[in-house]
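So, here come the structures, one by one.
Note that chain A is present in both complexes that follow, paired respectively with chain B and with chain C.
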Partner chain A sequence: MHYDLIVMGMGLSGLMAARTAAEAGKKVLIIGKGMGCLTLFSNTIDVLGKIPEEARLKDGLSQWIQDHPDHPYSKVGLIGIDESLSSFTSLFQSPYSFQTIGDRNSFIPTGAGIMRPTYLIPDTMVAGVSGNKKALIVGFKGFRDFYAGYVANPLKWRGVTLSIPDVPNQEISATALSRWIEKRSFRERIGEEVKKRLNGETSVGFPALLGVNDPMGVKMDLEEKIGVEVFEIPTLPPSIPGMRIFNRFKEWLIRRGVNILSGYSISKVSLKGRRCEGIHVHHPPVSTLYSADHFILATGRFMGGGLKADRRRIFEPVFNLPVSQPGSQEKWFEKSFFDEHPVHRVGILTDSSLRPIGEAGKVIFENVRAAGTILAGHYCLDEKSREGIEIATGYWAAKNTFQI
Partner chain B sequence: MATVNSKRMDKKTWPKSNADVCIRCATCMAVCPVSRVTPLFPGPKQAGPGAERFRKSGDSSVDEWIDLCIGCHLCDMACSSGVNISELNLMAKAKYLDEKGRPLRDWFLTHSFLFAGLASFFSAITNFLLKNQAVKWIADSLLRIERRRELPAYQSPTFRQWFRKRPSSPPFEKGGDACLPLGGQGFEPYSKDRKKVAYFYGCYTNTNEVDVGKATVQVLEANGLEVILPPQECCGLPMLGNGNFKGARKMGLKNVPSLLKAVRSGLDILFSSTSCGHMIRHDYSHLLAIPGTEEVAHHLFDLFEFLRNLRERGNLNIHFKELPLKIAYFPPCHLRSLGIGLPALEILRLIPGLEIENIEADCCGMGGTFGFKKEKYEISQEIGKDLKEAIDRLNPEIVLTDCEGCRMQIRHLTGLKVLHPIQILRDALSDTK
Partner chain C sequence: MKGSMRLQTEVLIIGGGATGVGIARDLSLRGIPSLLIEREDFLSGASGRNHGLFHSGGRYVVSDPEAARECIAENRILRKIVPHCIEETDGLFVSLPEDSLDFRDRFIQACEEADIPAYLLSRDHVLSLEPELNPDLLSAVNVPDGAIDPFELVLANAKDAENRGAKFLLHSEVTSILVEGDRVKNILAKNTLHGEEYLIEASYLINAAGAWADRLLKLAGLRMAMALSKGSMLITNQRLANRVINRCRPPSDGDIIVPNHTVSILGTTSVRLEDLEHFEVTPQEVSLLIEETSKMLPAIEETRLIRAYAGIRPLFQSEGKGDDRAISRGFVLIDHEKRDGIRNLITITGGKLVTYRLMAEKTSDLLCRKMGTDLPCSTHLKPIPAMDAPSNLKDRLKASGEAEILCDCELVRTDEVEKILKEGGVKDLQDILHRTRLAKGTCQGGFCIYRLLGILNEMGLAEGDSNKILRGFLEERWKGIRPVLWGSSIKEEELIESIYKGIFNL
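So, the complex of A and B:
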């Protein structure tokens, strides 16, 4: 099969690249070894959590771009970042949409009991912003990924743990709990329980699993039953809000005729001179060749397998693209876990249109671009910029590919 | 009640466990349909790589819940680390059932091909019996086959009989130099002419949903292709799904030589059931180590994958008439696991007037024979409910899906008309139906 564009990687950057190309009417294949990292890291959209609390994002970003010329954001630029975020938010129409408050980072509570800055927030989390209200935090017995007290205590809120009547003494998974909450009868029971336990609180926080399909419906129904505002709190993976994002992209892409292949790895690429002609996808015992005019590599970092390390160096396994190295291995990590480790900043170096470059800045393949966290020059964990980088560079790579 | 067959396959042929590459990211936990509906199953992360670390070949199996894995492969497709989760589960299930013994019920459910011919021949009686409440009660209480489940009705003549007898039979069927008649010892090699294709129809098409086979033949012929039916047996998936590696391998050893013969005579082989197709293309070689499968796999195509390839080369007959229908399409798990995308959706979108939407749900809950088992029926229904809700949201006239198990389940859940996509494609190509 021949495509206009093949996107490798099914994280947010790959999905954004596929969306951007499909929106321009291109024939797209997106392929991932797994379903990407959305259910692993993402609940809200971080863009740049590191800027001063009161700063407007635009100002913070433009300062950041000035100070960090090699950062992925600097390649995309302010306008590109803005367009990409609009494209993302336009995919999520009411009732489950993303919003930002006053063009600044908002602080939302997390399962670890800290307030964390983030930029775009789903409607289900808005009522928890900045902890501006006294909240009651609700956990569930058997759901081990969220302890109400753990969240509530540091924030000087109160936590309660409800037992689930039908699953005594059993562990319950996030998806199972999320499905229970989608049932009206279940909500009736917990709504009543929670209401009884309110003691002057003006809002109630639940772990972020108010359903996969209609979280706003669930939230509003709970609010009606409890009588105060309800919000979701991000918790450990698998992230249900991440699943909602993934599902929405998938639905949209399928409707647009994008071919989605998840679960298979690329065994080989066919190269001709400075062009990539196709990829071989291996599903034993069959290997299939898919060809395309253009390619976008969005395979992520170490966890997703986009970057790999052996004893000597860090490498990129699909195209064997050059990776900026952190120096000799002793220098990969600093002594303290919390120090900044040089290994975090390694990645693929590119030109301003995200084509990978080698030494002396020479473009390696004319028709291959890289997007997402695989790029060099960022430390998204610390910058709190993961989703922003993914959205912006995924968009930018596709846009530059087709000069849209 | 255990059946005789409790010897395990030679372990050397079993795939290697790669549980140790699991990074415990829990992505697989986001997609497992079983752990979503019941706390009784701990989910892929725990059941697969988690428990595997504690499984020692000498020790007896302690995973009573392992039998609840429905074998949908959705976890495999979600895992970025490449853990073969569903395989680990299947092997653990085989070990557990080998030790514990298999109920006679499982034998019946996985050997229906043995009596399908007779059942078809006496379809009037069989179908009467299958619907009979007393019979269902007996099946339920003695065999633990859930009585609320409709048992599939048998049709007569079978697809194979129809194919042989139909008046429009191409000349090769009447013997002559091209091949020996079907039903005999197979057929002689053809010339290397790609204008002919072989068809693996599967048991269910042959005896229970004959029109799927008819539609397949009609569409292929409308594309100028001659269809050949190589001798074939049940692919063995029902056995494999029940952890019976040995029985499944036996079926594979019967099918592969016949399919290989077709391939070596220059034919591509098409399948209309994504479950049979997945079994032959991937499980035969990988799990069952059946010699010759790899060569077959390279020439084995999903029916719509094949039609999509025709279209890519500009050879697909697209003289469709308008079909003003509102349709919802459900991609079966085994189709997704084939890794070919959604070719049926791509082709059907070419039909003018057809309003077709993909159903956003992950598994129908039937799991082959899983949904027939009394102790698993509730789980099967709970998974199905989520699918039903997704279908209700689309409010279609007809539901299409490529797998017979999914079709059974969706009929059972919704009462809607449920077809194989090829039946709609045939309707779009024909003036008379």
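So, the complex of A and C:
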């Protein structure tokens, strides 16, 4: 089958690219090895945390773009970023929607009891913002990715750990707990337990696993039983809120007729001159060629497999696109873990429409664009900009592909 | 000394490595009371930073047959007294096409003379035993090498010594040694965690400070010439061979691969060192180790490395005088009465992990002669009980059963850690890491350290700022990981950074 667009990578940037193209009526195939890093980290939508606390995001972004001409945000521009975020939020309607408070970054508690800036917050986390209120933090015995005391102590809150009677003395995963908590009878029990332990607290924080399918239903039901506001706190991977985002995209894309090919990687690409004609996907024991007019590479960084490194260099394995190099291996990382490591700024260099470029700024393939964290020129971890870059560049790559 | 705590002991041992702890146990079996003082924790020096080779003696048999004899004799004893610390893997000395077969023949001959059981294996036979070996190899010699767990060895020794009355003072640094006439009179020490000062009166002082032996003697106005040699090693994320793999050639860089539980350790280099406190594995050493060891096991080129680390070999430089009581070139026992006229001071240094017991025996024998007793050594006869938590994965798997696992890489149980915490005596994060296999696996503590700090907070044992401790741990971990970040390690690193810098905003 021939497509208008093939998107490679099923993280947030790939999903946004597919959504943008599908919305314009294009025939789209999205292919991914897994569910992308979305399901590991994306609890909320960071856009740009590294701006003054009181600054409006628009002002912060506009200054950032001025100061960082090679940053992915500078290619997309303020208007494009704004449009892309609107497109994202419009996908999430009540009851599980994303909010921003006063067009500024909000601070939410983390699993280490540190407040962290982020921009778009799901409704389940809003009551935790800024941590002004006195909160009781609830953990579960056997759930090893969240410790109520660890969260509560630095914030001068109180933590309690509940035992789960049906899970005797063994570890339990976030996904399992999120299924348990979707059961009314389970909520009944923990609601009662938590209520008994309240001591003047005006809100209760749970690890972010209040169900995959109906988190607001779970939250409201718990609030009714406990009698105070309930909020979620992001934990170690996997990210249940990230799964909610992934599932919502998937549901929408399927309804729009987008083909989804999940669990396979690209073995080879078919090139002709300065164009890509198709990709070969290996489904053992056969290989299939999928052809398209356009391609978007959104395979992520090292974790996603978009970039690879051997002892000598960093490379892009699908098209072998040029990757900016930070020098020899000993220069990739600085001496302190908390330094800014040069390796995190490398990636694919592109023109303003996100087409990869080589030496002297020459476009390599006319019909291939790159989107997401694989792009060069950002340090999303430090900037707190991961999801924003993914949403904005995924949107921008598709928009430019079809001149939408 | 006003305000300092006075402690009295018959024998003060300085240094909590295998040697010091071995002496504490030896003395406890003879009924001689001792106190051991250690600046950090057990195993903080070379005892905790080596490749865990359970020497047959083969490695030295050509160059240093005396040390080789000691090794094989101790090898036989340790198999009996600490079987729980040893994996009896055997070792191969592999000859590659560029290696001299003359050396191999000399090697076999020397093994025979040193009483090391050695036999030649054909290429096909070797490859059937260890299929990952370079198929171009010519032959290999099998010797009774093995793998030893230094952590379990030292901790089990310490526990048994403690049960027999030995005392330990950890995290305490000797700050001065007061000599009066021909005797060491008092020792001043300071707790490095809370600053408490100690005035220690001891009839005898044993310097078992390893690479720090010379520094310690300086406090008493003495000196000895030591050559400090850094040896660097790399850890793979899986076990590439079941046996110890040695290169059959004169000892050189990158000629050994030691299996250790679920991983392999690639070693070693030898670099002269001046600064004892600040040293790291250089990119050149990493390249050299990969290039040399992959000649024996080609899969190393493609294997994920999880850590690089280095230890310091405390080598004794011969002073060219007749006043040293060098028992062998393997280790050095100095009676400072004969050398410097200080009647109650002994220094023991050098040696191998596998000869720690012999070093303790010889030191204790010398001490007994000074004390005028002839209490005999019995460490070669009395087995050391195993620790509660087994160190090998097979037993850990069995023991994990229904319990909650804290560290998935190494199957460390939550209750095992809680027990250590409840018993007390654990002062900082490193202490816990020395006493469990936490953070020794593939993720190098990336996940389980957060969990450990979580438990400490839940148990109300977290003192100070947990995130400061977490930052400190991540920096320490970084030292070992940074030199080997490429391939799939770089993926894991992005994950760990995303957690701590991203999700937690640390």
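Operating definition for what follows: the second predicted complex is superposed on the first by the 404 of 404 C-alpha atoms of A that agree within 3 Å, B and C clash if a C-alpha of one lies under 4 Å from a C-alpha of the other, contacts with A are read in each partner's own complex, and residues count from 1 in each chain.
Criterion: contacts are C-beta pairs under 8 Å (C-beta built on N, C-alpha and C of every residue); 3 or more make two chains touch, one makes a residue touch a chain.
These figures come from a predicted structure and were not determined experimentally.
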Once chain A from each complex is brought into register, does chain C clash with chain B or fit beside it?
fit
Give one of first, second, both or neither to describe whether A:215 is in contact with chain B, with chain C, with both, or with none.
neither
Just checking: does A:286 make contact with chain B only, chain C only, both, or neither of them? Give me first, second, both or neither.
first
Given the touch rule stated above, what does A:142 touch, chain B (first), chain C (second), both, or neither?
both
Based on the superposed arrangement, let me know which partner A:386 touches: chain B (first), chain C (second), both, or neither?
second
Report for A:40: first if it touches chain B alone, second if chain C alone, otherwise both or neither.
both
Under the stated touch criterion, which partner chain does A:14 make contact with: chain B (first), chain C (second), both, or neither?
neither
Output check: A:260 vs chain B and chain C. Expected answer is one of first, second, both, neither. What do you get?
first
At the CA centre of chain A, how far apart in angle are the CA centres of chain B and chain C, to the nearest 10 degrees?
90
Looking at the overlay, does A:116 come into contact with chain B only (first), chain C only (second), both, or neither?
second
Which partner does A:356 contact after superposing on A: first (chain B), second (chain C), both, neither?
neither
Minimum CA distance, chain B versus chain C, superposed model, integer angstrom?
5
Residues on chain A touched by both chain B and chain C 37, 40, 142, 170-171, 236-237, 303
How about chain C: which of its residues touch chain A in the complex?
283, 287, 290, 402-406, 414, 447, 450-451, 453-455, 457-458, 460, 462, 465-467, 470-471, 474-475, 477-478, 482-483, 485-487, 490-491, 493-495, 497-499, 501-506
Enumerate the contact residues on chain A facing chain B in the complex.
1-2, 29, 32-37, 39-40, 142, 167, 170-176, 179, 213, 236-240, 242-243, 247, 250-251, 254-255, 257, 259-265, 281, 283-286, 288, 300, 303-305
With touch defined as at the start, can you tell me which chain A residues reach chain C in the complex?
37, 40-41, 43, 110-117, 139, 142, 144-150, 153-154, 159, 161, 168-171, 234-237, 301-303, 308-311, 328-330, 332-333, 335-338, 343, 381-382, 384, 386
Interfacial residue positions of chain B with respect to chain A in the complex:
23, 25-27, 29-32, 35-40, 42-43, 73, 76-82, 281-282, 285-286, 293-294, 297-298, 308-309, 312, 336-342, 345-346, 349, 357-358, 360, 386, 389
